[in-house]
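Sharing a structure, written as structure tokens. Questions coming.
Chains here go by letter, A, B, C, D, E and F, matching the order in which they are written, and residues are numbered from 1 within each.
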Amino acid sequence: MRIAYIGPKQREAALQAFVSPGVTVEARPHGKGPRSIESMWEEYLSVPGMMEAVVELEEEGFDAIIPGCFGDPGIDGARELVSIPVLGPGATAMAVASNIGHRFSIVTVLENVIRPLENLALVSGYAPKLASVRQIGIPVLELNDNPDFTFARLTDVSRDVVEHDRADVLILGCGTLSFRAAELQEAVGVPVLNPLQVTLRMAELLVGCGLSHSKLSHPTPPKLAAAVMN
Amino acid sequence: MRIAYIGPKQREAALQAFVSPGVTVEARPHGKGPRSIESMWEEYLSVPGMMEAVVELEEEGFDAIIPGCFGDPGIDGARELVSIPVLGPGATAMAVASNIGHRFSIVTVLENVIRPLENLALVSGYAPKLASVRQIGIPVLELNDNPDFTFARLTDVSRDVVEHDRADVLILGCGTLSFRAAELQEAVGVPVLNPLQVTLRMAELLVGCGLSHSKLSHPTPPKLAAAVMN
Amino acid sequence: MRIAYIGPKQREAALQAFVSPGVTVEARPHGKGPRSIESMWEEYLSVPGMMEAVVELEEEGFDAIIPGCFGDPGIDGARELVSIPVLGPGATAMAVASNIGHRFSIVTVLENVIRPLENLALVSGYAPKLASVRQIGIPVLELNDNPDFTFARLTDVSRDVVEHDRADVLILGCGTLSFRAAELQEAVGVPVLNPLQVTLRMAELLVGCGLSHSKLSHPTPPKLAAAVMN
Amino acid sequence: MRIAYIGPKQREAALQAFVSPGVTVEARPHGKGPRSIESMWEEYLSVPGMMEAVVELEEEGFDAIIPGCFGDPGIDGARELVSIPVLGPGATAMAVASNIGHRFSIVTVLENVIRPLENLALVSGYAPKLASVRQIGIPVLELNDNPDFTFARLTDVSRDVVEHDRADVLILGCGTLSFRAAELQEAVGVPVLNPLQVTLRMAELLVGCGLSHSKLSHPTPPKLAAAVMN
Amino acid sequence: MRIAYIGPKQREAALQAFVSPGVTVEARPHGKGPRSIESMWEEYLSVPGMMEAVVELEEEGFDAIIPGCFGDPGIDGARELVSIPVLGPGATAMAVASNIGHRFSIVTVLENVIRPLENLALVSGYAPKLASVRQIGIPVLELNDNPDFTFARLTDVSRDVVEHDRADVLILGCGTLSFRAAELQEAVGVPVLNPLQVTLRMAELLVGCGLSHSKLSHPTPPKLAAAVMN
Amino acid sequence: MRIAYIGPKQREAALQAFVSPGVTVEARPHGKGPRSIESMWEEYLSVPGMMEAVVELEEEGFDAIIPGCFGDPGIDGARELVSIPVLGPGATAMAVASNIGHRFSIVTVLENVIRPLENLALVSGYAPKLASVRQIGIPVLELNDNPDFTFARLTDVSRDVVEHDRADVLILGCGTLSFRAAELQEAVGVPVLNPLQVTLRMAELLVGCGLSHSKLSHPTPPKLAAAVMN
């Protein structure tokens, strides 16, 4: 089984460590979007390149595709173009979090993405279980400048979320943050989801069960369907 | 007052007829998207060009901007980039429909856009009043091939929606269809909203009241904010 | 276009300043209700007089009617009696607030009206976007005793609402308060809706678009319909 | 224990048969409203007289009050004026129906009251259990013209509601209809609530438990509170 | 009328004091569950014995049955086995609380039962009116060790709930706590429901009105139905 | 990795075929419940034995446990007793279905389990995506009497659900039915989830990611926690 991750090449080894034996992850940045995504503006800019990539990756024979951005921009567009599973880390992590607790919170980078993530939860159907979306106040590109400070902020905000928002499961709401999940779970004592790891495993689950997104909810665009028929 | 409509130039005269005395509408197609929008794929392809256009139109001195697609693709991205009101015809028509009836339905072109419009209602907050989204089964580019047939389909579906989905207000869910609103209201006997007309007037309302979208919910992207500060 | 405002004559000039050129506002108090409305008891007392007035105002040839109380008492009753638009400032302001932000709060006078306004949001369909209803603790008839103190309270509560309830749009939930909207928007930095101004402009919008409330959701009472037929 | 029923004197004996030994029901029409209530217009017209009556009835020493109209017009206003329980038959029947089934439907007289009853369910908090509101198409004042026809219509609509709306409990949504509940329960085979009977017994329950509506949610109007303090 | 309470014999006299003249309450512990219920584990352990008891109690000729645990474990199972009303104190208290205020809170013993009670409110349909579930931090079996301390904690938490969660009606969420309702209502000034008392009276209401739970929503299990037919 | 399935031994080989290489499934019936589960009565009877089994299976060193009944009876009780993942097939299948479509339906055996499954969706947080629960009208123990007839019923009901309830993903809502998922997906053309297969793979996902249910939402019962501390 081969899973394509649309995101930075340097993450490939770390992602490979997350999957089952016999599964290969390839990181395939599409190279046409912004350097980091911290606004809806950047989300939308990243989508056309991602949609093109998705078509090529299916043609190359991948079994599933994971566009890397946690906000899941353009997933519904990409799903219209291919038959293999396309999974967003945001909605996928929420699906799993809903299944192991009563209320989950998302801990993310900046105020700017809070409202979009609340909307993602609503549209994905997970809002009944969402306790809160909270930020640590550090931009994506500065998260690795001082990893200890970043982790201290993560821990503080996570504890606050557990106590005051009554969350009992946490999701790290950003690709870069996601690699701190195991540490944070240790520190805070509630399940902490690494959305990339969870999404890679969900891709395995779907492929292993012979499932993909529904072509009824994500139909081939009429113009493409017509082109195929001609 | 000058309102920019991002859409086909040939609609300009018709739109001009919808606004108050002293208001000018200019149709300004951005020319970078698909010919028509009948899928999420096409919605996303249209957004980067629309977002660029929005910035230029604000610089040119427009007072408000209406990206023409009924599905409101990219509105939240565009709002991050400018201070003047950017209004989506879909959410705006739903806001007005909610205020004049108990339950509204959207009558649109094809099955493909039903689910996206249900999501738009959910994310915009109007889902409690949404009775249904229904299609007439005619693609956008064929709507004007046989206007009588199109109107007959509109009338049939609208009556069905009133009777079986218990809608008491209708919205025409497509820019091309929107020009049939007055006729359809006459035929069916319930209020029928032309989303373009309603959205132009809502733009007047906001400008007249000194209002725009909140910069707290649609904040300037951090990278642009930083650029401005340097 | 002539719009009737059912409320104090002394507001007429201020309201006239809110509408478009060519539109006339006339304040027409019905004189049969309580001096101010700060309870459901008073809301109900005000309705029979308002309903009578609505019928007369339609006969006099007005194009739209705005009963002045923010809690929208009796709007659904009044709508059954006439064909021209009858608009409540509460629901109308919520419709517009929903369309320009992610979450809105209502800042009003006293504890007593908080629960009724929460119910108004629920029944009007805007509850998904309602962040909170909050009071400044000053009765309606004392709001103008010390305008500076009133404004200071407004500002304090509004800032608190933005920070703690995460509202990004505010509505002033009382006719008397509504005239402070522009100042407050300046002070707090988020859109602040003057419900009377917004509702006057919404009346213009509806009349301009040939729309009114649905007679399917607000049908003529059977006894009146029978009387007409005899 | 003495319970006042605000409604037609001729129902007194029938209502007396519904209560426990030792409880007295007195029918006390206020005589200031419309002959029957089939619209929001008539609901509002009935409220001022009912609110006056409520104050007098408390002074006379009644233990609880039941305004008779199923749509519960003005209950929240009346509750502000007295300390003894004031119970609406609509919301009370919904409270009990919620507790004995999974989904309930209301069977009522005319299309006109469907939307108001849906709103009552929403505002009273019982909407999650409401399957539907349906009408038999007979005006209130004609219900007793042909009792067999009325009962046949009731039975037909009730069976339809059970089969197609998946209701498993029914409420008769009109005072006049309510007396057919026992027969209808026999005929249809699901619990059928007589709202007047249920509400009389709920009044007994509240009085017996030393409970009434909360003065925090239904506070004394500020002007009356001030008058008392002077 | 005879009502069976499935719970400790020593409560019988206190419960008898809660019912109407002519009604008998018998406490009938089934003796097969845990000593107290403070977890879902214990809730489930208590159910098989309770379900057996329910069948026997119906055969003995009781008119209604109240399994004593506030969390309502197994009520839907028990209802499938008998025709007479089986009422859970949790859902029944919520039904009544919904009908006398705008928002209710449940004050209970320990953190462990908060989430289960939130789920009970959701599944019973009362979630729209639930303000919060809060704990006093004292295990069931220690509630009577120091009654003054228990009452002080109850009062503190109740006041906090009224102020910060905006509850205007309270429910005591535990059988042992329930006997402090009258005192607490006096101390806090909002209605406080004793769930056992309210449920006994609701049993009277249902029996008095000829009502029980719906056999459509709680059907006889197919194997038992088949056994009866053979 | 070893996963315990609490259910019939004869399913073991079929289940083993569903998991990844290196994973072992052992079927471990607890032998203390009813022969099949078609009512809430039988659900509750099965729980105490299942909870005992869960504790033993954790002690035996299993990595995850799947109680086999689709209705997920007692999962929250079992989770309080162990640290390893305990997964219900019902909620788990809903979590996955939510992530690959817009609306899912559950196709199950008999009317009796429809309401319980609607409640499971509500309490698990997946109700926003639930289109419907529908039955084929064949009892569990007769499903294999005439496999062709069973499949024909499954196909008919599934097509009906897709067309009339607008479902785009299906879940087979019964352990015995679940083995027909692949065939049915082929026949109907939308994703069909085998809940046992999906849940086995979700168990792998959780174990592989170092995740389990939250001990904050499913805390150790106070009496057991106290016993451990002594």
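Methods note: a residue touches a chain if its C-beta (ideal position, glycine included) is under 8 Å from a C-beta of that chain, and two chains touch if they have at least 3 such contacts.
Because the structure is a prediction, the values reported are computed rather than measured.
Visitor: Looking at A-B, C-D or D-E, which pair matches A-F on over half of its contact pairs by residue number?
Guide: Answer for the repeat of A-F: D-E.
Visitor: Hey, which chain ends up farthest from chain B, C-alpha centres compared?
Guide: E
Visitor: Counting C-beta pairs in contact, which comes out ahead: D-E or C-D?
Guide: Answer by contact count: D-E.
Visitor: Between chain C and chain E, tell me the centre distance in angstrom, where each centre is the average of that chain's C-alpha atoms.
Guide: Centre-to-centre distance between chain C and chain E: 43 Å.
Visitor: Calculate how many whole Å lie between the centre of chain B and the centre of chain C, each centre taken as the average of the chain's C-alpha atoms.
Guide: 26
Visitor: Using CA atom averages as chain centres, what separation in Å is found between chain E and chain F?
Guide: 30
Visitor: Hey, what residues on chain E touch two or more of the other chains?
Guide: Counting only residues that touch two or more other chains, chain E contributes 102, 115, 217.
Visitor: Can you name the residues of chain D that touch chain E in the complex?
Guide: 18, 20-22, 85, 87, 91-92, 95-96, 98-103, 124-129, 162, 168-169, 182, 185, 189-191, 193-194, 197-198, 201-202, 204-206, 208-217
Visitor: Using the touch definition from the top, list the residues of chain B that touch chain A in their complex.
Guide: 34, 38-45, 47-48, 51, 74, 76-77, 80-81, 110-112, 115-116, 119, 122-123, 139, 217-219, 221-224
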